[in-house]
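Just passing along the structure, written as structure tokens.
Letters A, B, C, D, E and F mark the chains as written, and numbering starts fresh at 1 in each.
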Amino acid sequence: MQLTDETHDLLMRVSTATLTTVLFKHGFRNAFMQGVRRINPQGGNLVGPAYTLRYIPAREDIDHIGVFEDRAHPQRKGVEECPAGAVFVIDSRGDASAASAGGILMTRLWQRGVAGAVTDGGFRDTPDIAKLPIPAYHASPSAPTNLIRHHAVDLNLPIGCGGVAVYPGDVIVGDGEGVAVIPRHLADAVAVEAMAQTAFEDFVEEQVRGGRSILGLYPPDETTRAEFQSWQKTHQAI
Amino acid sequence: MQLTDETHDLLMRVSTATLTTVLFKHGFRNAFMQGVRRINPQGGNLVGPAYTLRYIPAREDIDHIGVFEDRAHPQRKGVEECPAGAVFVIDSRGDASAASAGGILMTRLWQRGVAGAVTDGGFRDTPDIAKLPIPAYHASPSAPTNLIRHHAVDLNLPIGCGGVAVYPGDVIVGDGEGVAVIPRHLADAVAVEAMAQTAFEDFVEEQVRGGRSILGLYPPDETTRAEFQSWQKTHQAI
Amino acid sequence: MQLTDETHDLLMRVSTATLTTVLFKHGFRNAFMQGVRRINPQGGNLVGPAYTLRYIPAREDIDHIGVFEDRAHPQRKGVEECPAGAVFVIDSRGDASAASAGGILMTRLWQRGVAGAVTDGGFRDTPDIAKLPIPAYHASPSAPTNLIRHHAVDLNLPIGCGGVAVYPGDVIVGDGEGVAVIPRHLADAVAVEAMAQTAFEDFVEEQVRGGRSILGLYPPDETTRAEFQSWQKTHQAI
Amino acid sequence: MQLTDETHDLLMRVSTATLTTVLFKHGFRNAFMQGVRRINPQGGNLVGPAYTLRYIPAREDIDHIGVFEDRAHPQRKGVEECPAGAVFVIDSRGDASAASAGGILMTRLWQRGVAGAVTDGGFRDTPDIAKLPIPAYHASPSAPTNLIRHHAVDLNLPIGCGGVAVYPGDVIVGDGEGVAVIPRHLADAVAVEAMAQTAFEDFVEEQVRGGRSILGLYPPDETTRAEFQSWQKTHQAI
Amino acid sequence: MQLTDETHDLLMRVSTATLTTVLFKHGFRNAFMQGVRRINPQGGNLVGPAYTLRYIPAREDIDHIGVFEDRAHPQRKGVEECPAGAVFVIDSRGDASAASAGGILMTRLWQRGVAGAVTDGGFRDTPDIAKLPIPAYHASPSAPTNLIRHHAVDLNLPIGCGGVAVYPGDVIVGDGEGVAVIPRHLADAVAVEAMAQTAFEDFVEEQVRGGRSILGLYPPDETTRAEFQSWQKTHQAI
Amino acid sequence: MQLTDETHDLLMRVSTATLTTVLFKHGFRNAFMQGVRRINPQGGNLVGPAYTLRYIPAREDIDHIGVFEDRAHPQRKGVEECPAGAVFVIDSRGDASAASAGGILMTRLWQRGVAGAVTDGGFRDTPDIAKLPIPAYHASPSAPTNLIRHHAVDLNLPIGCGGVAVYPGDVIVGDGEGVAVIPRHLADAVAVEAMAQTAFEDFVEEQVRGGRSILGLYPPDETTRAEFQSWQKTHQAI
């Protein structure tokens, strides 16, 4: 199932907070990655289908400096094969004591049109990554080469990242708060509901800034619902 | 016991570092919340009496999406009843895996004249909160609705927050470093002592920038004490 | 063994990411401090030999407020005796629940020409330290006086900091990512190798920005190696 | 709502593993206390309604050694007032660095006919408690008096313990694995379902020990269901 | 490469402490699972090739109670297909908040001749497992069904367990201390070296019990080496 | 200052729970090591002056397998020089991922008459140590050689262990609950007070087992105090 342009555009305009509420209404309690934050403040929001890389713990005889000579090495292969528009999501077992990837690979992902990169470990060269326009999310900066801790083992299998299940093709959404994961078959419905909720929250925010109490407003009672319907007629969906 | 305007103004001009030293001299070793930081860099300092909200773990049958319809729900009630000038302090058991509150409630607190908000969990809509003028402190950003993890159970009971006891009415002080708690009956005395210590540290800082050793200066020997007294005569308390 | 000006200057121009890779090639897997980050964004890079202070847990009868009157108190003595150009490295057992040092001591270190300060605990007065030009690294802001948790016990012994062994004289390098430790006898060799690696990565970055695949480029195959040699002739080492 | 003798007796015969599965079928995912284990191997299983004590962080001026002279001190009052047959459940904020209670209070609870005691902190005098017949559950042994870390603040309010919500009257069940919490209104139904599940698992265990595959057996297909019905006729419920 | 009977028997007679030292001599620093301990004190030592199961985080729509009806469910399939003599090793991401498996599956593994089971999460029904003769290792007891946290995703891929890489076929060794992992191609050599080291340590232990200093003995100087050679002639390898 | 036989004998008869209460009355809040437990259930209580070993993180070029050939290696030297009757206390920075020491060194300590051993890391060969009569306390079993993580750096300096300051000569007391540290100059006074408190608690325990309420008893009112005085006359101090 493809991520449509409409859904992509809607998801670029909603927050992860709104998305996790919509997902909660669909029965999903665990859709926000724990402890993962954006490196580049100017990175902008992130939306795209997940392409995954899995790390397991490194082993000294396998994970030596020569390993990257192998063009089939999953980390390097993944960086070259992750589709344009997709999000490169790395299961680093929440271990940021060595890097999941660094500035050169991130530059290559950006050049290839990849939408962004996410790890529950750490990236290296973060002062450089902070200046790239491709959104990158991690747990904390980590200078050491991945070889001291991580072994890239396979590509595009289901993984965990930040405590959340990520199946290849799930829709990854990142904003200034963090990263949410939408099961791919729900992406269209969730995007529409989240956009509607966002419009309503814009209305509420305006009302609250005007001095109104949240009681009866948020969540809305009947009167509020009617007011919002009127309000919507005079406000283009943002 | 009321927080007087004089004490409020003094506390706006001292740091949490100075306050914790003064409190240490009064026998208090545990007055600084661990792991709690300011979201909004332009938020300014925070001073006010504590008004508390307590969360316990959520339970699926009680903490469903309809719960906010109830106007007596402690989170929503607290946001409407926290007095102007007070600080809304939330015991989230140090759990930032779901939000303690979000942007709309924070906007309402600000509109109502509440001085600030503190949780040892996480707030959601943090990119929005970062732009509000009301100081907000938390452990880390957390998009998910509080329902997945937190149940708001009661208001204005003694709580723990960031590992520190907070009794309703205790004076909360926040600066760019974090949040300190002053037992309410000591607020006036501590404020005066902290202001005096701040003046002395301004003098020390000036001396050190002029090249002077800290030995005999910080802490002061007799000579330094005399120097400081002269210095004070020529410097209005800042 | 002295830190030469040449080595110092080279190390100011390389990243901790590059250094940890070079150290990995020399057999060192644990050279980057975990969980330690720069307070002052304008602090600039940090290079200098380590001068160490060791903390053990505080004890109420020993660590009272009068203790700083003693001019031989290791924290105060260390601040006055740490050589110009050196880095003041503090073993705080990774405990940031009380401060390792504060703004006045940091100002004094800066005035004395000390290159920087590092702790695996926390500094206090961090809003002030953030404005100082001396680079300071810690785990997290911590307002409380060190007396509530830390006892300064001795100076310039081998310590651990951020999980890494630091022997007095080891070369400390800090950048926007964090802090690396180079065994002193390897500093010259590592600096030269890191500079060479940096030049190569500048070339790679330029190529990648030009749209080239990383396969065969990073790590380089024979063709790439030749290209880089040509490239170097036309590019002054940065 | 009372805990009936029938439900009590059923719950004494089922495991917390079975109970959490039954609760999962009712939509409850968070019913097992994390990190809480039994001190006394001969303690036997624990069943009873919750009577709660809440701790917040201690404060030096309030939590001094004289505090226990006050007969209204919630810890001491709770030990004397917890009903016979009930379970004394303590919210210690998961902090075992000071004791939640010790051997003498546990002896008193036992003498008063209290069914057991649970904390998510630590008990002291654990070598003595290990010999008492009253089941006691905690996170880890903790010798220091509660005064250094805990302030007993109130009795029989809803609390969190081991990450689970505990409302007064909820049914607490402990076995050799740990402690589960059953919402009081579901206790009867859950007990009956758990007993039925236990009978089925006894059948399955017998079959598996006889060499049978789990496929089609656990969970059962139609054939297995029929076999179990026959088996039940020849086996008295255990 | 097969695990020979000779190697199996040698490995049953050496400790994980000795094995990790031998592996260290071969350049392996990370061969002992962290935080994993034996449930059944009478379980005896564990030796066998690894057969692996991987969990990722659960998702509510996929991990419902009906999922075990599927005979291809990896957890159930793995329990039926793990070869006799092999060790069932589960990557639970170090998360013991829900069970990795329980008593019935463990009984089935035992009946099928599987050598043992290891998870870095928790098992349920641990009071029952403690009585089974099949050695089982985990982090801590965990009653809740795996569905609330874990999704069994695939079988016999390389995984991490307790922070150690486990490739299918690697030789797992467990004793009363914990679990070590031997890369399969080294199993024969490591077993022989470990047996030799064990014999030497038996000699040393005897000497130390006789009052001898460890200096010159452990590690041995030339004299000691000669003594050991004589000692060996009179002692059958144990 | 020597540990007298009288004080030693008193301390063998009191619990760490009682000791920490007595130390709290003297103003010490942090006298019990966190997370440290006894390996050998039959080890008996432990009393003796501290002799300390300090570890810092290992470094690959310094901490190789040949290092133990050096008779001045602090770990081996310490094991041979720790005085009979003393307690060998190791600062392992709370890191149990590699062993602090193992069975052979523990046997040698026992043979040399050392009273016991304590680390806040882990020991290896714990199944063997569990059978030795010398009490040994640690955080958790750890098979790997210390070389992979720890460098023994010096002997008999003040250290931290389990979060508590340990100065050489401080009196270490261990029981079935854990390990307390008494500042050496207070050992005699604390021992006497703890013995008196123990007698009183024996009286209280007897009363409580007889059905008496703790109110007025524990802590005692005037009546109880008088009763205890009478009781004492008829009971030899145990």
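Note that in this section a contact is a pair of C-beta atoms (placed from the backbone, for glycine too) under 8 Å apart; a residue touches a chain by one contact, two chains touch by 3 or more.
From a predicted model like this one, the values you see are computed outputs, not experimental measurements.
Shared contact partners of subunit C and subunit F are absent; no chain touches both.
Note: the chain lying farthest from subunit F is A, by mean C-alpha position.
With respect to subunit D, maximal separation of chain centres occurs for C (centres as means of Cα atoms). Each chain gets a centre from the mean of its Cα atoms; for subunit D and subunit F, those two points are 32 Å apart.
Remark: subunit C and subunit E have CA centroids separated by 39 Å (rounded to whole angstrom).
A separation of 37 Å divides the Cα centre of subunit A from that of subunit E.
Of all residues in subunit A, those touching 2 or more other chains are 29-30, listed in ascending order. The touch graph of these protein chains has some other shape, matching none of line, ring, star or complete. Taken together, the chains touch in the following pairs: A-B, A-C, A-E, B-C, B-D, C-F, D-E, D-F, E-F. Interface of subunit E with subunit D (complex): residues 65, 68-69, 71, 76, 79-80, 97, 99, 102-105, 107-108, 111, 124-127, 130, 140-145, 147-148.
On subunit B, the positions that touch subunit C within their shared complex are 15-17, 19-21, 24-25, 29-32, 34-35, 37, 175-178, 180, 201, 204-205, 208-209, 211, 213-216, 218-219. Those residues of subunit A whose C-beta lies close enough to touch subunit E in the complex are 27-30, 56-62, 93-94, 151, 153-154, 157-160, 163-165, 183.
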